[in-house]
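To keep things simple, chains are lettered A, B, C, D, E and F as they appear, and every chain counts its residues starting from 1.
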Amino acid sequence: MFLPIFFIISFLFSSTNADDFCVGDLNGPVGPAGYSCKKTATGDDFSFSGLRTAGNTTNLVKAAITPAFSTQFPGVNGLGLSMARLDLDVDGVIPMHTHPRASELILVMHGTLLAGFMSSDNKVYSKSLNKGDIMVFPQGLLHFQINTGKTQSLAFVSFNSADPGIQIFHLSMFANDLPTDVIAKATFLDNAQIKKLKGVLGGTG
Amino acid sequence: MFLPIFFIISFLFSSTNADDFCVGDLNGPVGPAGYSCKKTATGDDFSFSGLRTAGNTTNLVKAAITPAFSTQFPGVNGLGLSMARLDLDVDGVIPMHTHPRASELILVMHGTLLAGFMSSDNKVYSKSLNKGDIMVFPQGLLHFQINTGKTQSLAFVSFNSADPGIQIFHLSMFANDLPTDVIAKATFLDNAQIKKLKGVLGGTG
Amino acid sequence: MFLPIFFIISFLFSSTNADDFCVGDLNGPVGPAGYSCKKTATGDDFSFSGLRTAGNTTNLVKAAITPAFSTQFPGVNGLGLSMARLDLDVDGVIPMHTHPRASELILVMHGTLLAGFMSSDNKVYSKSLNKGDIMVFPQGLLHFQINTGKTQSLAFVSFNSADPGIQIFHLSMFANDLPTDVIAKATFLDNAQIKKLKGVLGGTG
Amino acid sequence: MFLPIFFIISFLFSSTNADDFCVGDLNGPVGPAGYSCKKTATGDDFSFSGLRTAGNTTNLVKAAITPAFSTQFPGVNGLGLSMARLDLDVDGVIPMHTHPRASELILVMHGTLLAGFMSSDNKVYSKSLNKGDIMVFPQGLLHFQINTGKTQSLAFVSFNSADPGIQIFHLSMFANDLPTDVIAKATFLDNAQIKKLKGVLGGTG
Amino acid sequence: MFLPIFFIISFLFSSTNADDFCVGDLNGPVGPAGYSCKKTATGDDFSFSGLRTAGNTTNLVKAAITPAFSTQFPGVNGLGLSMARLDLDVDGVIPMHTHPRASELILVMHGTLLAGFMSSDNKVYSKSLNKGDIMVFPQGLLHFQINTGKTQSLAFVSFNSADPGIQIFHLSMFANDLPTDVIAKATFLDNAQIKKLKGVLGGTG
Amino acid sequence: MFLPIFFIISFLFSSTNADDFCVGDLNGPVGPAGYSCKKTATGDDFSFSGLRTAGNTTNLVKAAITPAFSTQFPGVNGLGLSMARLDLDVDGVIPMHTHPRASELILVMHGTLLAGFMSSDNKVYSKSLNKGDIMVFPQGLLHFQINTGKTQSLAFVSFNSADPGIQIFHLSMFANDLPTDVIAKATFLDNAQIKKLKGVLGGTG
């Protein structure tokens, strides 16, 4: 007796699993809206355990960013949101950066962070954040987070894009072959400062 | 003499027919924005006769939904709208459901329908609709239509998505293997009620 | 005992009725996204009976367009869809026009219509439509509908905008003060033709 | 010497602070895109401490949802994202619900949750989540979270809308005046079941 | 010493170059959002020299449109903007046309242009533009540009779509096989006028 | 005789001029989608002469940006595009900056510019541009333009937002009260360098 009721809707969903989601096929063609859709999906495609463990903070910034974007977590492909985990040792810093395609919400899990962003009219909006606090960084603006407490700090950040991008200022400037004189003209920094940081960060030119 | 005027614009359109539309290629790759585009199209690709005839209403709900979404009518792929036909016998009902990715407009062609939706603050917005009436159901909200008249009823619904989706509550709950105790906890329904409906609708667990 | 469960969500919805919809306040400020929201709403705000009756077809085109856009039906404001009713007498025509901000789906209720659109590369996509047929007109493209049958025809059109706009070619050209020589240069039409139509349609210049 | 460089850009930003953000003015007009913008903003507008403390879980579901949507946290107005805090006692449950205008990412802070969603074709995608795990719920689909562990559980959820909405199934059905016979027809539930839940949840009709 | 800092972000970007852009692969699958992405890109992909030189104005309209849309300039694919160059001899005209998927900004480089558009309520908004002037044409509306000066004129137009489309009225009507009687009914033009222009522009029917 | 034809459409447009455009009312409420709409508009509202003349380049960067965003040119409000004029003396530079809400197309009118952007993976995409060349800068990425020729240079830039924003790195860092030690931690720059630039650019802290 229950077959007829199935009939009325069953052919709605016969030809594609892309109706409600589009788990990314990292080997298929990529387009402006993201990865192609995998043909089948299970519950495992929609969960991700890669943020369970802290990133390696044994580095210059004493901090680590662990992303769960569509490339790491294909389940969010096409769904317009993603996350990342931030680990900061004492004195650690997530350096000055932007996300070119998303706004961000930070949630502090433990520790104390000084977080801030600059607006287009060069004003500073900053706040000291503690456990349970959240803060929003409007789309595309320069922002930073610094561990100003006496313990390690853990935070999670959410984005309204499955592929928000992350552009870290000092790496964009000093970790490639952008010529020193171009950087000097475009940033007002001294040549000596630029060359010093190119040395530290592996840049040339 | 007319050739030069062609020349000024002809190369605008030489390499793709995807300029103005993207008739879905059901066999090509699928992405978050929909199907890939067929390489050529004719007038037939943009019209659809599948809504001419009534769906089979010999079923538990005495009603039928006949969709013209991008899977059935690939001409709407990428254009952001679609339709469906609703046939309701006397006492027929389109059960409580949502469209996860679209708002809906219903147009009653004949008969009398009681239609309604519930908002996020649990209010009911309902209306008795007659021939020629339209009603809007805001995106993603639970809604229903019931034939409260003494004749068959016919209605057409429009969506602002080529792939709006349709999630029917009792099928989502009782026509799969979602465990009875999970349903009971998440819906407040009694176990006996759940098991009875799983029996009717083919669910297990 | 039921009060606590209300508590957990009640404050979610205390301060605005704009959560799920935004019924247009035609007297409030208007912005790029549409009208301001009315402060309260009832079921009546979401239904509309203005499409029940045929428009007046005693005119030059033997046809009438009756819109249910956000201005006529404020319930669709902000929801991204709307409708209109088309009545065509024998030999009636919905003249060559575009909708600058929406794609359109036509549904033929009775009679026979020849409908078509032209693409950017000047191809014609046309189809003779009968009762129950639907056809899509991609966003912004010139299209028309002509009653080619021997009876009156009725159709309903859906749009994926609450405010799709409608620009009818001959009225845009000949029913205002656009100078005849400008029209002649920009359309290749003869001055005599232009002046004749300005006379019929009330244009000057 | 530094004045000239200011001159070249200073007039860019003279007339509005809405360039980069639009902190909601809860007393101004509301439109389809959200609240009007406050005229001035400080760092405090962009952070929120309302998620620091657990919601009150002394209720039927042994759980609490504490939102930080644009109504509670006007700093996210217009920025397209928001959060909420979920507290679940042992055996607590966030009941079956949808967000009509957003996809969701859940992040488990402690405890064990069984989470799942149903797709339009009635399949179940569920997963047992532990500390540090995330899971995505595609836009508009029914989903639930149940504390299946032996300790309290805490989770945070992110949305890609500043006003995602939340529609809880049993409250939409049983906590208002939707008539029992309508519910029965539209959900397949028995009248006795409906009346029992209306009694528990405060509904009438 | 600089290796650790690379480590913290290097795996963000390891699997795709589609993060920040999606240079169109004209030979790959096309979808509703545009071309597939090329696998690699260089600086050359983001610049275009095809607008350096004037189009051929030896034609009926004494004007030429040279587009830099995603088909000609694949670097803009997926980025939501494009340009075109307009050359107009003395008495030249860019004929009455629409862009179905974009608003337009014109910038006059030299000469004098009369430019205008018609709104949905048939009003004319026109302006005489000189060197350095800009004018906006709202999405989808009929507009035109005429060289009313005594010298050649050059202008550049920008669109907020990588594939705005261009529909030129007289070509859509008279340069294809749309039957004369259909055109006559749908435009109010006389049969003689239609046939004359079909002759000039290569149309049949 | 022409009155009837007016009748069929005249009531479409009776109550608002916001149908096709929304010229910004700089004194009305502002929302996330832009300014409120002026009640009436003329051709003058849609054109702008403020880009006719060069900006004042007597400053540290030997360059000037003259914007035509919705604040300066309210005709583009809600239409999703805008422009700006760039004047660069010999050795002038538009410093390293981002547009948080838009992609950009540059068009070089005269002179020679070295232009470039950095992607999220720290690669440099640069190009020497001459008269008539265009180049695209993907949304939100750091980019710069330098006059590398022996004459003044003039360029125009288009954006796919009416309010793209502009964030200039050295002003965001050094022209406000962001503390020196915060800048040092977040950018790797030396304190001496920071203090020197704060002195030049008027910053404190």
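Definition applied: contacts are C-beta pairs under 8 Å (C-beta built on N, C-alpha and C of every residue); 3 or more make two chains touch, one makes a residue touch a chain.
Given the structure is predicted, the values throughout are model-derived calculations rather than measurements.
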Chain at maximum distance from subunit B, centres defined as averaged CA atoms: F
Subunit B-subunit F separation of Cα centroids, rounded to whole Å: 42
Distance from subunit F to subunit C - Cα centre to Cα centre, in angstrom: 35
Gap in Å, rounded to a whole number, between the CA centres of subunit E and subunit C: 25
Touching two or more other chains - residue numbers and ranges from subunit A: 12, 19-20, 29, 31-34, 60, 100, 116, 119-120, 124, 126, 138-139, 141, 165-166, 168, 171, 175, 200-201
Chain pairs that touch, as defined at the top of this document: A-B, A-D, A-E, A-F, B-C, B-D, B-E, C-D, C-E, C-F, D-F, E-F
Sites on subunit A touched by subunit F in the complex: 60, 91, 93, 95-96, 98-101, 114, 116, 118-120, 122-124, 126, 138-142, 144, 146, 165-178, 182-183, 185-190, 193, 196-197, 200-201
List of subunit B residues in touch with subunit E within their complex: 1-2, 4-9, 12, 14-16, 18-20, 22, 28-29, 31-37, 77-78
Touch list for subunit E against partner subunit F, complex: 12-13, 19-21, 41-49, 51-53, 68, 73, 75-76, 79-83, 103-105, 107, 109, 116-117, 119-121, 124-127, 129-139, 141, 156, 158-160
Touch list for subunit E against partner subunit B, complex: 26, 29-33, 55-56, 58-61, 63-65, 67, 69, 71, 100, 163, 165-166, 168, 171, 175, 200-202
